[in-house]
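See below for the structure under consideration.
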Amino acid sequence: MSKAIGDGLFLDAIRRLDKAAQYADIDNESLERLRHPEMMLQVSIPVRMDDGSLRIFRGYRVRHNDARGPGKGGIRYHPDVNLDEVQALAFWMTCKCAVVGLPFGGAKGGVVVNPKELSALELERLSRGFMDMMSDFIGPEIDIPAPDVYTNAMIMGWMMDEYSKIHRRHTPACITGKPIALGGSAGRDEATGRGAFYCVQELAAKRAWHPEDVRVAVQGFGNAGQAVARLLHAKGYRIVALSDSKGGCFREDGFDVPSLIHHKNETRQLRAVYCEGSVCETVEADSLSNEELLELDVDVLIPAALENQITAQNAGRVKAPVRRRPRR
Amino acid sequence: MSKAIGDGLFLDAIRRLDKAAQYADIDNESLERLRHPEMMLQVSIPVRMDDGSLRIFRGYRVRHNDARGPGKGGIRYHPDVNLDEVQALAFWMTCKCAVVGLPFGGAKGGVVVNPKELSALELERLSRGFMDMMSDFIGPEIDIPAPDVYTNAMIMGWMMDEYSKIHRRHTPACITGKPIALGGSAGRDEATGRGAFYCVQELAAKRAWHPEDVRVAVQGFGNAGQAVARLLHAKGYRIVALSDSKGGCFREDGFDVPSLIHHKNETRQLRAVYCEGSVCETVEADSLSNEELLELDVDVLIPAALENQITAQNAGRVKAPVRRRPRR
Amino acid sequence: MSKAIGDGLFLDAIRRLDKAAQYADIDNESLERLRHPEMMLQVSIPVRMDDGSLRIFRGYRVRHNDARGPGKGGIRYHPDVNLDEVQALAFWMTCKCAVVGLPFGGAKGGVVVNPKELSALELERLSRGFMDMMSDFIGPEIDIPAPDVYTNAMIMGWMMDEYSKIHRRHTPACITGKPIALGGSAGRDEATGRGAFYCVQELAAKRAWHPEDVRVAVQGFGNAGQAVARLLHAKGYRIVALSDSKGGCFREDGFDVPSLIHHKNETRQLRAVYCEGSVCETVEADSLSNEELLELDVDVLIPAALENQITAQNAGRVKAPVRRRPRR
Amino acid sequence: MSKAIGDGLFLDAIRRLDKAAQYADIDNESLERLRHPEMMLQVSIPVRMDDGSLRIFRGYRVRHNDARGPGKGGIRYHPDVNLDEVQALAFWMTCKCAVVGLPFGGAKGGVVVNPKELSALELERLSRGFMDMMSDFIGPEIDIPAPDVYTNAMIMGWMMDEYSKIHRRHTPACITGKPIALGGSAGRDEATGRGAFYCVQELAAKRAWHPEDVRVAVQGFGNAGQAVARLLHAKGYRIVALSDSKGGCFREDGFDVPSLIHHKNETRQLRAVYCEGSVCETVEADSLSNEELLELDVDVLIPAALENQITAQNAGRVKAPVRRRPRR
Amino acid sequence: MSKAIGDGLFLDAIRRLDKAAQYADIDNESLERLRHPEMMLQVSIPVRMDDGSLRIFRGYRVRHNDARGPGKGGIRYHPDVNLDEVQALAFWMTCKCAVVGLPFGGAKGGVVVNPKELSALELERLSRGFMDMMSDFIGPEIDIPAPDVYTNAMIMGWMMDEYSKIHRRHTPACITGKPIALGGSAGRDEATGRGAFYCVQELAAKRAWHPEDVRVAVQGFGNAGQAVARLLHAKGYRIVALSDSKGGCFREDGFDVPSLIHHKNETRQLRAVYCEGSVCETVEADSLSNEELLELDVDVLIPAALENQITAQNAGRVKAPVRRRPRR
Amino acid sequence: MSKAIGDGLFLDAIRRLDKAAQYADIDNESLERLRHPEMMLQVSIPVRMDDGSLRIFRGYRVRHNDARGPGKGGIRYHPDVNLDEVQALAFWMTCKCAVVGLPFGGAKGGVVVNPKELSALELERLSRGFMDMMSDFIGPEIDIPAPDVYTNAMIMGWMMDEYSKIHRRHTPACITGKPIALGGSAGRDEATGRGAFYCVQELAAKRAWHPEDVRVAVQGFGNAGQAVARLLHAKGYRIVALSDSKGGCFREDGFDVPSLIHHKNETRQLRAVYCEGSVCETVEADSLSNEELLELDVDVLIPAALENQITAQNAGRVKAPVRRRPRR
């Protein structure tokens, strides 16, 4: 995700806003405010690495708008994250919270890091360092982060603990997506995927679909992708295609999703398998690239990887009549 | 000052740092920290204009490094100010405070605005709005702003008052360059120019110059330029060239600086005059452009306008053996 | 409301307290505490008017007693408001909260201003200025204001925003009666009138009244008066007399209250009308003064204007067997 | 000091302000601000008496204006203190601080109590209770009280301790006039009297007086009166008349002031005595009332009791060409 | 409770922890943290006694562990309380909160005092003094005390009021067990005894007991003992033995518990009585010591006095098959 | 230093206080307050070791008395430190600050650790952890730590940084003995030794000693010992005996102290040497134990190691007529 492309993300969002405004009864002042993120913070986080060396990581937090309540939005850890992307995502959080009527504004954050290259202790120090520098910006009544790409409950727990240390009181409400033992919400884990699942359910009811006739492709096999695939499969939908960052597989009859999840968790690899207990056997399936998956002739396409997979270039080739990205 | 050039300002500063580091005994970790500004904040400041409309202004504050103490650095109001420039100036503030041994770190701020287009009440609302959004970042022991290009004591006074209102106590120490009646420092006003004057004095002593033989050109006739020209003139130096943003004038015999200052204050115009009381007469002088002034064959050239006037392009043509920009 | 009368309001309240104490089992220390308002604050609020001039308004806040919890009570904007009145109303708030068992103490506030003479921007500046000066006194766990005479949801919203700005966090709980979009409570708007309506309902049940036989007079046609009249009318009561500050009207058969409300909202005038859609026609009715209304021979008299309309002078002439003032 | 007279004190002060404004170059907005005290606070302080009963005392604090810095002004304990008086004295504090160029605004406080009727423990509880209720209003950068009529260093010490307890840190700067061991200033004790003494000294220098020829009358023999009398006597001035609240004495040759101070401290009585060591003998002197003292034909008259002793009624009868009240 | 025994209480608790750890799946780090109380605070509380003298009391607060949430645990007033005991009880609070799944950690406090020797006003001053010194340690999100041995709702109320005074806002959540009028919970009073009652009920259900056949002995007739005895008696259990600190009584047929409670409340004495209205008559019963009570041959033994009544020495002699100490 | 001995340290201090009180005019209440340390805090500090394991360290802070101002006293890192010792040292700090008239109270702290066994990063984590847990207790106006046995400027710097992070502002005043670059005081380093040096100088002046005749023994060759030895040597005193924890050396002619310091810094060993530049040669000297050093027949004995070296046992054998321990 180059900076040039990045620059486009927020501008693109504002262009969509302006287009939408033509159809909505929204006064000019509100529109003008939506065009300008209220507050954008960039910090440099020094982290002592396990080998004794010092590395400095760049962190971001954008509070796009808090007219409706404290900011709300995730923190992602990704080597390509940049201010433009964070700014755009914060804008969409403002919209999303407003659309579903939550008393929250929109915010987003990120750290430029490949978390897979860090040890657990390094990750803890980075996460605490991020919260340390952001601490005057965050709070139950100011701005409330959450997990996002490559961040998880444990990272939220470290951040909450650092925040509580600085503010000298238990403050679980300063962040969501914490471990359940520290005050996290049950079901939070698979909420993104479950949201997509509910959408498909609603649609199926409306169109009087029979699940066994509905052929579904899911791009991305992380937290969101696994959850939506598992839930749809349990309801009888046919999950015919799945992929992760390394590629995917296709099978007309559909996959036994729990088997693929089990195998992925054991081996970190997505493979077309069927498992009995802990014994997994490969099943017949076709390989396909992420690009091919998007263009499959399926009934429902669920892009559950990073955003911006469906672009002006490939949109014309997407054949699935229904496609929806689970939103965090 | 286009963004493209802007982008270069901070990178350019770091390049100079790296070059300097080759000659200094500075450990790598310190160097690495200096390469990354600690904290950069961008805000959108909504201001109600006198005509009832709403305008949103972009504001910046960068705290480059606070290892030696609270951040210190001015806030400039300028239509071309941008994050890169503010970042670079904050870096130089870190260096400047360290070089003279002050217990302060480096910071800088700015607002994208042409203050000449705003009424006094609009300017007040903008300045209070800026401080309101920056208020968690600023403080006597955190970061202490000051006036800079197109900001003045009155603006600092508004900001201090807003800060005091929010923090519920008189806090004159949160900002410097306030009106003297509100706790400002005597002499603050002309300190920038006086610093340049001291440098010339030191040099004159070292080189055994006679002031009346020293021909001085001053680019810029704002606060700094007027002060250094007036002080040098009072000591007998020959001020042979002066300019403001609209151009300059040259006179081999030197100007009567107080006359030009008086006339400028009365008419907003720089003209080659000599005044008796309030009666001013034009004196013979040549017109010259700002570019020509820089390349005059004088003994001392003082660039007292915006930074980056002497560039790779014109540096070779500067003939003055001594040139120094007064630093804020 | 002259100061002389004003002075009497709090003393009068204490006299009633002392009389009541003879019948209640209340220890002397509690009584003594109730006789002395805990805290009374008077402030001068400088406001920049739209024409550039400066006006200074007097504001009050009295916290009468907070033994049972944070203070609670409205802020009124009225040219005649004074400390005595505010003190008395704060006392009654202590009693009212205690009587209905709310965990709140009693408080009240006011600003000496005729809000009708101010523009919306002036009103905003006044309201923010009031909260700015009161800010250390107010808070979800200290004292929680609300709207009162001539203050409304928008004013509460400005005050909440100013409080949140000063306290650096969203604090909707610092004030009640906010716009619903900012966290206000549904139904808050007509709560005062609805309370009076419930009282009449209770009474009707107890006395086995048929609404169509009950003749009601309502003095005051503001928020409270309109609501109680509308609700009673909807249940079939006969609203035979209505008035606003300029006088009233009487009609034996009762009025179509929604018509009168519609017309008042359109024209700011109370008139005896009947409307079909937006077309209103005058209906036959007698004019009467506010004094005459109070002395009408009706079944229920609801004084919904300012307090102290029924006095020692006219009390003997009030014929309605049931009279009750809706309480904020 | 009846309330009726009291009401006049602040109005009278504003009338003087308006008269002075005719001669001064002061803009209307500043004048308007000076006419309105910024903040006036009245509190009820419940105190548990030594006999177990509860008494509630009324306390005041007025911050008249803090444009020049935190409020400054004493707290008096007096049965007749009232809001009007405190308001007027706060106004004069604004003027006095401004006149001598101190970076402070004007404030004043008081408690309605006859401190002579309270035990030391009751006085401590009252003083702590006062500070408890005032605590959000007071502070080194907000408003800094001091002793005044019938309050002393010990009372300031209690208040400072209570303030420090509430604010969780040693805060000696929240109040002046503390015991020296707790951070009080040396010389504070007799500063009021010494100020008057300096005035007489300056005048004597200007008029080339010989102290032994100057006949001085001092009304009031409390802290201020004793100090000025002692200091003038030590320089050789003739102190011919002295009085306390019960009356005074006159002696053409002047009194040995240290003897009278010693005797007063031993016996609480002002008597015309001369002491050798601890043995005091009465000296010949005439009795006189406080009124007579004011009208004595002396060179210098020093009113060192409560304010407003010289009135429209008796001003014409005052014969002393120089009269000055020591100001706190 | 000598210090020597005291020293054993915490060590004894840790020994039990280590024993339990052998059977539980608990990682070493968690175990190590449980072995070390996070924070232990000892303070000296100066109290002015009614006779004017000064006494200094020792107070304790231990926060054993707050990984699961704010600390929670009572404050006891007892002449023998010491740091070891408080430390041990805080440890057990950690365990108890965790076992029942409450989001609280464990804490405990105490003051070395015999509260029976203090007047109500002295007790108030002591309780406020304790909270004053502990105030930075306590809070709704930090550590929340409660009543314990010889402390009650009134003491909690004083402490809450002192905390609210210092923190400048109503903070009922800083302590539990307050008077209901100040925000206490209904039923809190007898919760300890009711807990024990529920245990017996559960057991009775499991073992299909008939209450009238179950013979119960209750050691201790304070808050907990009275409540459990009363509740069991009301369900038909036979309360055959009761005791207070001065000894007990036994009656094979069981006692009419309400009569004994009534009599105890009237006379401060535990006696075997039966009351009709306010008239009580002695019933036949055997006297017995507290030691004898513990060793009675009953079905259920409820030790409701201080902890550590059943020791290595007498445990072998306890005959009751079911014994349980109500836990605070 | 066993606990048994430790227990005696505070009691011993109080015994000395009581003895001193017989000769001083000190009221009983003050005495009683001095007998009870105001506040004692014990914490458990979890530290992640470099090998990934977790260790928990015990830390202490005692504020003995703060009547005269914020607490003041060092933090020592020592495996034998315990609450009794810290309590006693805090008591002596109260006395020492009062004796020299500083506006500070007495405090002391400690951590049970052998710092030589920790890596620099472990030491940093421990020091930050200590400050984290103590942070509500420490502050420029509350209690201000300093270095002590085995703690140094770097440790103070870490603590200051942690404190500043938690309190969100540069707070160098929260601790003394910081690195000079972070706001430490010049000369702080050798202040302890210089104090002892001044004492000897004063004595020498009084007794008209010639330095070259004065034979000095210094026990302890750490910061204090080296400084006093170096300063005395520079003035011409004969330093005849020196020791560190491993033993000492004696030389009748005295040592060239700078040589021994140089050698110790290079080799961590105390040896009797004479150095020219970096070349050191052994000089003739006798070995002696620390016990023997104390009993040497010298003119001045300076115990500059840990306290309590001169005991009831060996006091009789100390022959030096002058002995004084440098006090921190």
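Brief remarks on what is shown
Per-chain numbering from 1; labels A, B, C, D, E and F assigned in written order.
Simple rule for what comes next: a residue touches a chain if its C-beta (ideal position, glycine included) is under 8 Å from a C-beta of that chain, and two chains touch if they have at least 3 such contacts.
The shown structure was predicted, so the numbers you read here are calculated from the model rather than taken from an experiment.
Within the contact network of the assembly, the step distance from chain B to chain E comes to 2. Chains touching both chain E and chain F: A, D. Averaging Cα atoms per chain gives one point for each, and the point farthest from that of chain D is the centre of A. Mean C-alpha positions place chain B and chain D at a centre distance of 50 Å. Between the Cα centres of chain C and chain D there is a gap of 45 Å.
Computed from the mean C-alpha positions, the centre of chain B lies at a distance of 57 Å from the centre of chain C.
Annotation for chain F: residues touching 2 or more other chains are 136, 168.
Screening every pair of chains for touch gives A-B, A-C, A-E, A-F, B-C, B-D, B-F, C-D, C-E, D-E, D-F, E-F. Looking at the complex, you find that chain F touches chain D at residues 66, 68-70, 103, 139, 141-142. Taken in their complex, chain E has these residues touching chain F: 29, 32-33, 35-44, 46, 54, 56, 58, 133, 136-137. Within the complex formed with chain D, the residues of chain E that make contact are 48, 52, 121, 132, 135-136, 165-166, 168.
By the touch rule above, chain A contacts chain E in their complex via residues 168-171, 181, 183.
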